[in-house]
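Scrolling down, you'll hit the structures one after another.
Consider the two complexes below, in which chain A is the common component and chain B and chain C are the respective partners.
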Partner chain A sequence: MATLVNGSATADWPGRYFHIDQILDKPGPRTDPGFAAGAEAPFLRDQAKILVIGAGGLGCEILANLALTGFKHIHVIDMDTIDISNLNRQFLFRSKDVGKSKAIVAADFIMQRVPGVEVTPYFGKIQDKGDDYYMQFNLVICGLDSVEARRWINATLVNLVDPENPESLKPLIDGGTEGFKGQARVILPTITSCYECSLDMLNKQTAFPICTIANTPRLPEHCIEWASVLEWPRVHGDKKMDTDDPEHISWLYKTAASRAKEFNIEGVTWSLTQGVVKNIIPAIASTNAIIAAACCNEAFKIATSSAAYLNNYFMLIGTDGIYSYTFEHEKRADCPVCGGESLDFPISMEVTVEELIDMLIEKQDIQIKKPSLSTPTRQIYLQAPPQLEQATRPNLEKKVSELVPGGGEVTVTASTLPFSLSLNIIYN
Partner chain B sequence: MIKIWSMKKDENAAARKKPKTSAAQIRVQKDLTELDLPSTMKTHFADPADLLNFTLTITPDEGMYKGGTFKFSFAINTNYPHEPPKVKCTQKIYHPNVDLEGNVCLNILREDWKPVLNLNSVMVGLQYLFLEPNADDPLNKDAAQEMSKNRDQFLSNVKISMRGGRVASNVYDNVLAS
Partner chain C sequence: MSQETQDIETATTAMTSEAPPDSRTRRYDRQLRLWAATGQAALESAHLLVLSSTATSTSILKNLVLPGVGTFTVLDDAIVTPADAGNNFFLEGPDSIGKPRAQEAVRLLGELNEGVQGHADVKSVEQLLTAGKGELFKYTLVIAHNLPRSQLERLSQLLWEDEDAPSLVVVRSAGFLAEFFIQQHEHTIIESHSETAPSLRIDKPFPALLQYTQSLDLDALDPTDHGHVPYVILLVSAMERWKKEHNGLVPQSYPEKKAFKELVSSMKRKLDEENFEEAEAQAYRSWTETKVPSEVAELFSDPKLQNLNASSPPFFHLLAALKAFTAHPPYTLPLTSTLPDMKASTDAYIGLQKLYKDQAELEKGTFKSYISPEVQIGDDIIDSFVKNAHALKVIRGSSWNSIDKDATALANAVTASPKQLAIHLALSAASSLASKTPIPLQGEILVLTIEALTQEAQSLLPPETELPEEFEDTAGEIARSPTADLPNTAALLGGLVAQEVIKMITKQYIPISGVCTVDLIETWTGIL
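Moving on to the complex of A and B:
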């Protein structure tokens, strides 16, 4: 390959996008009605701004695929640094990069390798960024291994949707792998089922009964759990275990190994210890490649209107041969993030909390008994338990306007509601 | 770019931005305000503004632990209800299913936890441990052995331990006070 000095080779050469332009220059039987032949390619290359969350196993594949299909404005976030064990599959990294930021090294690598692509890294947490940051993108692709981070970005993008602003709806393409299994899905926040809607489909991480761990260990995993669940807090008290701290893992390993010896159990190793306490499922490069390709294919189709996109859940099972299944995961009415009802609630500045509660109970169309109310930052009135009822009771006499700003949200829960109701308080 | 906005249905068009209250927070509010506890159980919040950390007091009114006041700390994290609450007994008690560090052997606190369960189910499960201790799932092995081999001695050990006495090499916390 020719050596290109970073930044100097922004011009495209003839035929660079020959194959991709076959798809973008003319409509086909599967193109979206909004497809504009000739206008999609410039949008893809000049305007479309895409965010990649995670620069690990999936992220490396995703970044390469996006750059090669013609996305030119890519941002990438990852809080991790490169570990030597990543090098077998996270192919944007080399031994010399160990210890450096995944996002920064991946961005530099892509920019060196694919001329004219601008990759902007952020070495940090997705939670560091606010709505303004996420608003700038047309699309978001996630290649994460953490449920918590996925739930956060999912909730953030659902919350970002502003009924007055079409630009606020950001399609989220989520990829995930576990060994030989994986899934890719398209989430259109507030329109389709969201990540939270499907949380009950997650494989539960295996937990062993605590009494087995304590008394009758049979597996190396039992010894490791004994060290982490029972011995760590007993020996270290309130000191939190940090599964990213090699010293902590070493302590757990030694403790587990001596217990294993006592019970004649074989197989406790340093890496198994790390695997059990971090709940690591071995990553398989080929699964990552397939799922990343599926995700990037969806990003391309959505960004260019060139074909129907995934509706909405693709599942890959490679454990026994290859099996894939695509289905429409349905939105859950009681989803805590995208479900539940939301009501505009106009009241006067003079209305007290008690009067607001009476108004809710009297509202025929929502059928609420004994509502409990809170805002994102404080409790307004809780019906139970007694201590909390007492603590919040003084608020009953207060005006709602003293506790909730105009346009502020009040979350209402009640046993008669499937999950919760959110009120958008408007003062008149 | 696909015009996604046009797919928003009319009823959705009225949908507002959801509050920033976390799903865990809402679910805990729902669980706590809908608790249906017998008079033998009470919750206490050290900081009433913090719903995620509190104490549960159980005062069994029947069975061998009758007369004691047993305290459990609850710590709920942001992954609730996908992860169970972390529950520990804050006293040193003599019980087959509770170890000396306060770890509790209750299946729904670990291997059998499901998001459809709630705080009420956990609390009821804890109370049940005092009515029907289970020698088959021991965390305090000595207590479990005593319970299945020599029930009278076990009952007497329970009484002694609850007064703050010594059983074998351990001195237990007095749970009759307060």
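Moving on to the complex of A and C:
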């Protein structure tokens, strides 16, 4: 097996680290006094164990950079398989790999190309793994396109911190891109601002009101949403729509196109249909390269102390020249993950439980999809299991003020998030 | 446009948009959403020359081969060293040591995309420079990483002498620090992908829009229709009323503007009519005068317009036509046909959209009549030009070392951008020292002292200008790692440079003007 041969550090050849050793052999003017010139390499090359979450656009770049800078023990998790539309940027994959696991193909490629590096893939979800698994790493780098997965790993690493055990603090380096824009940040769980602290910085997704889709379509997007949200379930019943199935996209396209024709709306195309139903975000190799390099550079600096690391946020916009902004994102005292204080939540006396739930879904700094609510003394509404959902359903129509006193606390949980949010209800 | 041509156009669009895309389109889907088929075609017909196959060079190329640049040539006479095999992903570790570096790199880069042609040229830069212009002019663009200063000066001069020569991207890096610069004569952009929306001309409604608004009796509408009149119509209607009561003038002062918004609000029948809320929010559009944006008006004095002839680039012929168009009433740019979404019934919206489309088509016809009859310009280019007229760009570049010769600019930069200047000076000083003889060598490592770098940098500045305070730390970093091509720095530069090259080739989005400097210790980029 390749890992046995490659796993040995003897694969190093004289001169291999000529470039990197210039940095490791002596300090720079701004290097921290804690840096031990000439003695940092063994930790980096023999001991450091790093986890890469995502083997897609950012992940492929991250794996290559880490391997070249001298990390020898890399783990990578990704639940996806390779699609042809990945090949314009995910450079560890070839046409013959379409349909295979990203994590496995990427790991094999890196081990093949960079001798002596051991990459351990896991083809599955991050949620499959528990605290023991995450505890084994010194660093975690995320190259994900899912907000939910990032919230999960962020909360998991914050929860992992045990003040008695310094090893339990795992720096989390997070990168993200969209077209020509991207950001990289360093999160020291419990110490710096975390992913959840900055949730309100996310772009709000365009959501089309159902009444527009159903009654007054104006844009091609409205027709496509009509086809996927209203017509698909009406025609196909319980059959699940698979946005990766060309037959399904074709059906949606034809349905949307005929509605567009009926309303004299122009511009429904196959490509737009696919873009809308899959919520496709443009992605290119260059932006991913920039952001992944920024992330890996932070990992290298943290692992070697060769230079100060980013405090704590770097954002880049490349559409008009190159604009970047490096700043310290502040911790939120009422962050549900790292803050400790409960979040003040002013509502009117008239608001019903159902309306409160809608507000929680909508609010930019909360964004909880299927929240369950309770107070210290009673369950207000639970999404699951079915018996409890049924038992608490009558509360949906009740006013919150009938169930919670002013200044009272409401705990919000969701099965997708490994933390709970504590609201301090204030009536106005 | 005649009915017949429209039908052909609709038919072709239908053909290409109905069927599931072919495998090439599927491969490039995520980037086609950024630069479309036109950008992709430009990319695929480009031929790039890259001097050297260092880690930085191959990182740049990787990000151009993946999106499908047509052809690339790597010119490099080096043989792979153990150090190369350690920091370059496009070499196969120890297996590549001793082989020609260009050939190894081209072979491995080629595996990324079957649609791309790669050539390895094992000539030296010296041979290329001796061969002269003929050899260089077949390329679309030339990229040079860490070229010794003496060679860079000759290359830059060869490519600067001739206005039609390929642009040159000069890339330098050492350790955590880097910079790059694009030497170009002129770069014109139609599709700048500006986020500024073009005017809807609510303040100067065109006849059909005004007529339609006047014919609509808001009070006679049933409640549903009343809540679905597009805000454009509401604003035009409110402004007509306002002008009648204010000597034909739009609101001038803040209290007047507030009063106008109240007028709009008073036209509501119910408190929660969303179309009226939109009208209030967009009210500024009805008193902001639609004029030719100043950035576009500035282009009308471009020297290229003075000496226009049949061989001038189409862009300038179109710009001349635009200038002529704006010299006539209503003294605006041609109307855009794209209407943003707004609360409205389908019929009201589609009807309004048709008004805009028809007027835009009419004005495009007028615009076309101003285009010099001695040139033939395709309809698709004209369409795109008119659609993007509010955000056209012309970049007049400069030669690679122009900043180093500009005493005032350097003196200003000492106070305005000291950190960026420090990086530029330190890398320039390192490059000059490296091309001076004898080079002090200790083992394989080039030894550069902070003192030598300081002295050299000082000599690059005009007399009596002090180095920025930040210089010492920056020089210290260069002295620490004068020849380090770090994988992360290489990868980051690879992304930045490739992205600018894509903007140059596709003529979409806006490339940098000036020197882009990068500090990966503090993690920032900045333009000098």
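Rule of thumb we're sticking to: the second predicted complex is superposed on the first by the 305 of 428 C-alpha atoms of A that agree within 3 Å, B and C clash if a C-alpha of one lies under 4 Å from a C-alpha of the other, contacts with A are read in each partner's own complex, and residues count from 1 in each chain.
Heads up, the rule we're going with is that contacts are C-beta pairs under 8 Å (C-beta built on N, C-alpha and C of every residue); 3 or more make two chains touch, one makes a residue touch a chain.
Every value quoted in this text rests on a predicted model; they were computed, and no experiment measured them.
In the superposition on chain A, A:342 makes contact with chain B only, while chain C stays out of contact range.
Applying the stated contact rule after C-alpha superposition, one finds that A:34 touches chain B and leaves chain C untouched.
Once chain A of one complex is fitted onto chain A of the other, the partner contacts of A:171 are limited to chain B, with no touch recorded for chain C. By the touch criterion defined above, A:148 lies against chain B but remains apart from chain C after alignment on the C-alpha atoms of chain A. On chain A, the surface touched by chain B in one complex and the surface touched by chain C in the other have residues 301 in common. Of all the residues in chain A, the ones that touch chain C in their complex are 13-20, 22-23, 26-30, 61, 64-65, 68-69, 84-85, 87-89, 91, 94-95, 113-115, 179-180, 184, 216-219, 246, 249-250, 253, 257, 263-265, 269-271, 274-275, 280-294, 296-298, 300-301, 307-308, 310, 314, 316, 318-322, 324, 326.
Considering their complex, residues 13, 17-21, 23, 25-34, 55, 59, 62-63, 66-68, 81-83, 85-89, 92-94, 97, 111-114, 175-176, 192-193, 228, 341-342, 344-346, 349-350, 444-445, 472-473, 476-477, 480-492, 494-496, 498-500, 502, 509-513, 516, 520-527 of chain C touch chain A.
For chain B in complex with chain A, the touching residues are 1-5, 7-9, 12-23, 25-27, 29-30, 32-35, 37, 42-45, 48-49, 51, 78-79, 82, 97, 99, 101, 103-105, 107, 109-111, 113, 115, 137-139, 141. Only residues 32, 34, 43, 48, 138, 147-148, 151, 155, 158-163, 166, 169, 171, 188, 190-191, 196, 199-200, 202, 206-211, 214-215, 229-230, 233-234, 301-305, 309, 336-338, 340, 342, 344, 370, 372, 374-376, 378-379, 382-388, 391-392, 409-411, 413-415, 419-420, 422, 424 of chain A touch chain B when the two sit together in their complex.
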